[in-house]
Amino acid sequence: MRTVVRITERVVETPSTVTLRFPYGPAAAPGQFVMVWVPGDDELPMSLSYVDGPSRGVTVKAMGDTSRRILRLDAGQPIGVRGPYGRGFDLSARRLLAVAGGSGAAVLAPAAEAAVARGARVTVALGATTAAELLFGDRFRAMGAEVVEATDDGSAGVRGFVTGPADRLLAERSFDAVWTCGPEVMMLKVVGSARAHGVPAHCSVERHMKCALGMCDACALGPFHVCSDGPVFAADRLLSETEFGRFHRDPSGRRVPG
Amino acid sequence: MRTVVRITERVVETPSTVTLRFPYGPAAAPGQFVMVWVPGDDELPMSLSYVDGPSRGVTVKAMGDTSRRILRLDAGQPIGVRGPYGRGFDLSARRLLAVAGGSGAAVLAPAAEAAVARGARVTVALGATTAAELLFGDRFRAMGAEVVEATDDGSAGVRGFVTGPADRLLAERSFDAVWTCGPEVMMLKVVGSARAHGVPAHCSVERHMKCALGMCDACALGPFHVCSDGPVFAADRLLSETEFGRFHRDPSGRRVPG
Amino acid sequence: MAELGVRLAGLELRNPFLLASGIWGESGVSLGGAWSAGAGGVITKSIGSVPRAGYPNPTIETYDRWGMLNAMGLPNPGIDEYPTEIAAARAAGAPVIGSIFGATPEEFAELARRMAATGVLALELNLSCPHAEGYGTEVGGTPEEVEAIVRAVSRAVRLPVLAKITPNSADPAGLAEAAERGGAAAVSAINTVRALAIDVRLRRPVLAHGLGGLSGSAIKPVGLACVWQIYERTRLPIVGVGGISRAEDALEYLMAGATALEVGTAIAFDGISVFGRLADGLARLLDELGIARAADAVGAAHPGGAAARPSR
Amino acid sequence: MAELGVRLAGLELRNPFLLASGIWGESGVSLGGAWSAGAGGVITKSIGSVPRAGYPNPTIETYDRWGMLNAMGLPNPGIDEYPTEIAAARAAGAPVIGSIFGATPEEFAELARRMAATGVLALELNLSCPHAEGYGTEVGGTPEEVEAIVRAVSRAVRLPVLAKITPNSADPAGLAEAAERGGAAAVSAINTVRALAIDVRLRRPVLAHGLGGLSGSAIKPVGLACVWQIYERTRLPIVGVGGISRAEDALEYLMAGATALEVGTAIAFDGISVFGRLADGLARLLDELGIARAADAVGAAHPGGAAARPSR
């Protein structure tokens, strides 16, 4: 039940991030992910960065071997796609703060677009190591969102982690909801700020995935399976009911810290 | 994919013939049959003698062991039913002659009812060994059909085979179509008369059945499978393309005369 | 248009789709009908030494459109009467492969001689019916038995011999290796998978015989695994069978290593016209994938393709 | 309401539906979750001596809603770390059966000792994974192997031992007989059926490992046949597994001879709430058929019912 599609377009978004576009039929919601099979290699979960219409897309950051091979794929090459899986974002908030670290903007961009389409006002705190790595800044601006940038090296926006500007925005303004996607320690901090300011937060969580069907237990996170109950979770439940931010499981199912 | 149903009513139609009624859902057309499974015994093809509504029925004549056991079943007993299978009668004729021998009336009665409901004028030539064995005479009369009877012993109607009155009716009146069901030699004669008078005839044919799905070849008749291409056939094709009336196949697939 | 013709153990087939044994296979006219509907060739019902009525009904059970259970019990008219049917099938122009079943190598050999005399182009040995006492898997369930029967038949006739093996084995490919040693020209895989259905309201097995064999889409993955392993462990041409109902299924089997294919249960669900649709569909699919000939797809999913086969 | 509780090899289960090994079975919280969702008990993922990552993805393929193919490759955290998970499952109140896999009788025995120490109520031996090199069917494919492993484990621990056997055998019931000789308290049948899928567009097997195991509705008739034959040839209680997703499926297995049941693939298609639906549905179905207790249905489809079992 995989569909083999050919990549129609390859867009270099940042030095380490590439978007691959491909035709894909099944309806999807922002926040959902697909399993992308690179034949002869591996199959990885990837959020849909383009969710609607005939041409979908995933935006891949160079991490380990497989992601690096994925982002070297070019137009015309076949990949296997199955999904979409999981539950996406609640799109009902009117005043939204999206906090993205690293490739987190890949899932927050389409979700923010959908929220804007429903009339939300969106502010984005966008973080990266350096200016060139800021992902989808223009895409956020094009949808009418206000973008506050942060870079580790200060080459653009505020110097330092994006959690700083995020906390400041939460202190200065009123939001109905915070969405965040990025490294787990970043998300933990953002959730802490949101709590402090009484704003409900949702996180898009990553865990090792195999079946993506809520069966194999690879992505177990407390009482949840990230593939079917997530990847987007209410932060409150993540903190009270799971080991979020403390440990995850490696492919053997062993708990490893972090 | 059998449905197990409980017999709701048992009606003795003639000394050798019993109707069993039971609830059954799937839509059926007059002339179609079901496979009736008597648990612990056998599964036999039986035409639906009651085709519509929630309560269907089959009308069973005592032949060999299994049919005798079937007609001894009583209300409350469970049977397995699958189907309906096959193709039924073309109901477009306006002036119809139905020629029934033995249990043949079981399939011709519901078909005639359907034709009458579409405005046809139906004449029935109804044959049996003796008066008490005439099947569904009242049912035919109740639908407004004219019934001409024939019995081997002359105890009712014309003495002799029903083929006699059938031939006479064809000679004296105009019909658009002849339908016949009964012993194969009887049907052959009726088809002969119909041909002689230029009236197209259709026969409901019996062959040994196993799968009823057009697969196992048990019911092969020339290029046809009675279970899926029949049981109702245009007489012309039966005579020109098959061994109808000359031989059939036993359960092993061997040709046996008759 | 892609070339569908394949060569199987010396037979030239206009397409890879053979009528599977036991479906439309008792009457010669039906065999001819399958050919007219577009089959590449036809395999007869398995024929034995004497007529057999088979088991009483119920003989089949179906599962939606993905599976079927049967225990026909090898009904067949017997070898004495069967030449008439072969003659009718040949008269219709069909390339006929005669399927036989027996209880001993000697009975197989004798049936093979008599079947060969009818003018069939090849023989298929049913070593694999899972529900016939004294036949099928009961005589073809071990490599030793398979080898002995195949050898007896190969010595008795000049025709190519296809050994049809069972998936109900710890090592189906080992049965194929045994067939290869015995002199088979090809191996057909698979026959049905041992199975059972119970009617909970009647508290009894559905089939009169109790145990039966599963066929249809449900067993396609099982057949593919057998073909895959046989491809890697023998040099025999393989006839893939089990759950083929769409062009994709057919191409899966070819790429797993099958040279020709058999189609059975799909005929119950989709009618005999499935042969035409399969041939058209396969040609289109090959075109789409830029494969010029069905034969070029054989074994293509193995790393190294045809080079993956053992050499001798 | 019909009584659903059953007694399996000394364990009292509130209903016959056990979580099958390999599904929701790595984390103790998940095991507890299956219990909370209504399972009668839970079986852990098969645990080995050392952590194993399993095969790379793709590890699964699905067929509509009637089947699934997997080759996970026995990923598991290893017996050193696993006691924490068992503790979490037990804390949730779940009756836990520990599944283990090893390469030799000695490794099985050592794992059994360590698993027993975690407080599980019984052990299930995975003698039947069809796609793990050096484990599963490769060490439990013959009666001799099954007997030796079961004997080694039965001697090593006091807990009831369930031998989980493979359908990929000429004679699965013979494997159950061997388990009985070795001292098993019960036999679980079946594990998945050896199978393969090919992606014709990519010209390669879908699963990274190539061969995998078929599960889900497609194998229900296969599992039923195994349970039926084991019921007739051994006196062991049987745990029926393979394709159970509706109450009718469950009752089929009970009537074929199973005392308890395992549910796996249905969880992927229907969610963990399938346990609640199965229990409710079975109770209703038993009521409809006038069967007072699930235990009364066991073997009911055999002529003679429980009397059909061999006596000793």
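The chains carry the letters A, B, C and D, assigned in the order they are written, with residues numbered from 1 in each.
Convention: contacts are C-beta pairs under 8 Å (C-beta built on N, C-alpha and C of every residue); 3 or more make two chains touch, one makes a residue touch a chain.
What you see is a predicted model, and the numbers here were worked out from it, not measured in a lab.
Trainee: Spelling it out: a chain qualifies if it touches subunit C and also touches subunit D; which chains qualify?
Mentor: The shared contacts of subunit C and subunit D amount to nothing, since no chain touches both.
Trainee: Among the chains, which is located farthest from subunit C on the basis of C-alpha centroids?
Mentor: Greatest centre separation from subunit C goes to chain A.
Trainee: Round to the nearest whole Å and give the separation of the Cα centres of subunit A and subunit C.
Mentor: Roughly 51 Å, centre to centre.
Trainee: Quick one: report the Å distance separating subunit A from subunit B, using the average Cα coordinate of each chain.
Mentor: 68
Trainee: Report the inter-centroid distance (CA atoms only) between subunit A and subunit D in whole Å.
Mentor: 37
Trainee: Mind pulling the residue numbers of subunit C that touch at least two other chains?
Mentor: Where subunit C meets two or more other chains at a single residue, that happens at 63-64, 201, 204.
Trainee: Identify all positions of subunit A at which a residue touches two or more other chains, and write them in rising order.
Mentor: Nothing qualifies.
Trainee: Chain contact topology under the given definition, line, ring, star, complete or other?
Mentor: Topology of touching chains reads as a line.
Trainee: According to the definition already given, which pairs of chains are in contact?
Mentor: Chain-chain contacts present: A-D, B-C, C-D.
Trainee: Contact residues on subunit C for subunit D in the complex?
Mentor: For subunit C paired with subunit D, touching residues are 63-64, 66-67, 69, 137, 141-142, 166, 168-170, 193-198, 200-201, 203-205, 210-212, 214, 217-219, 221-222, 224-225, 228-229, 248, 251-252, 255-256, 285, 289, 300-301, 303.
Trainee: Could you please specify the touching residues of subunit B with respect to subunit C in the complex?
Mentor: For this pair, the touching residues of subunit B are 1-2, 4, 35, 37, 39-40, 42-44, 78, 80, 209-211, 213-218, 220, 222-223, 225, 228, 249-255.
Trainee: In their complex, what parts of subunit D are in touch with subunit A?
Mentor: 22-27, 29-30, 33, 45, 51-54, 56-64, 70, 72, 75-78, 81, 84, 199, 201-202, 204, 206, 208, 264-265, 267-268, 271-272
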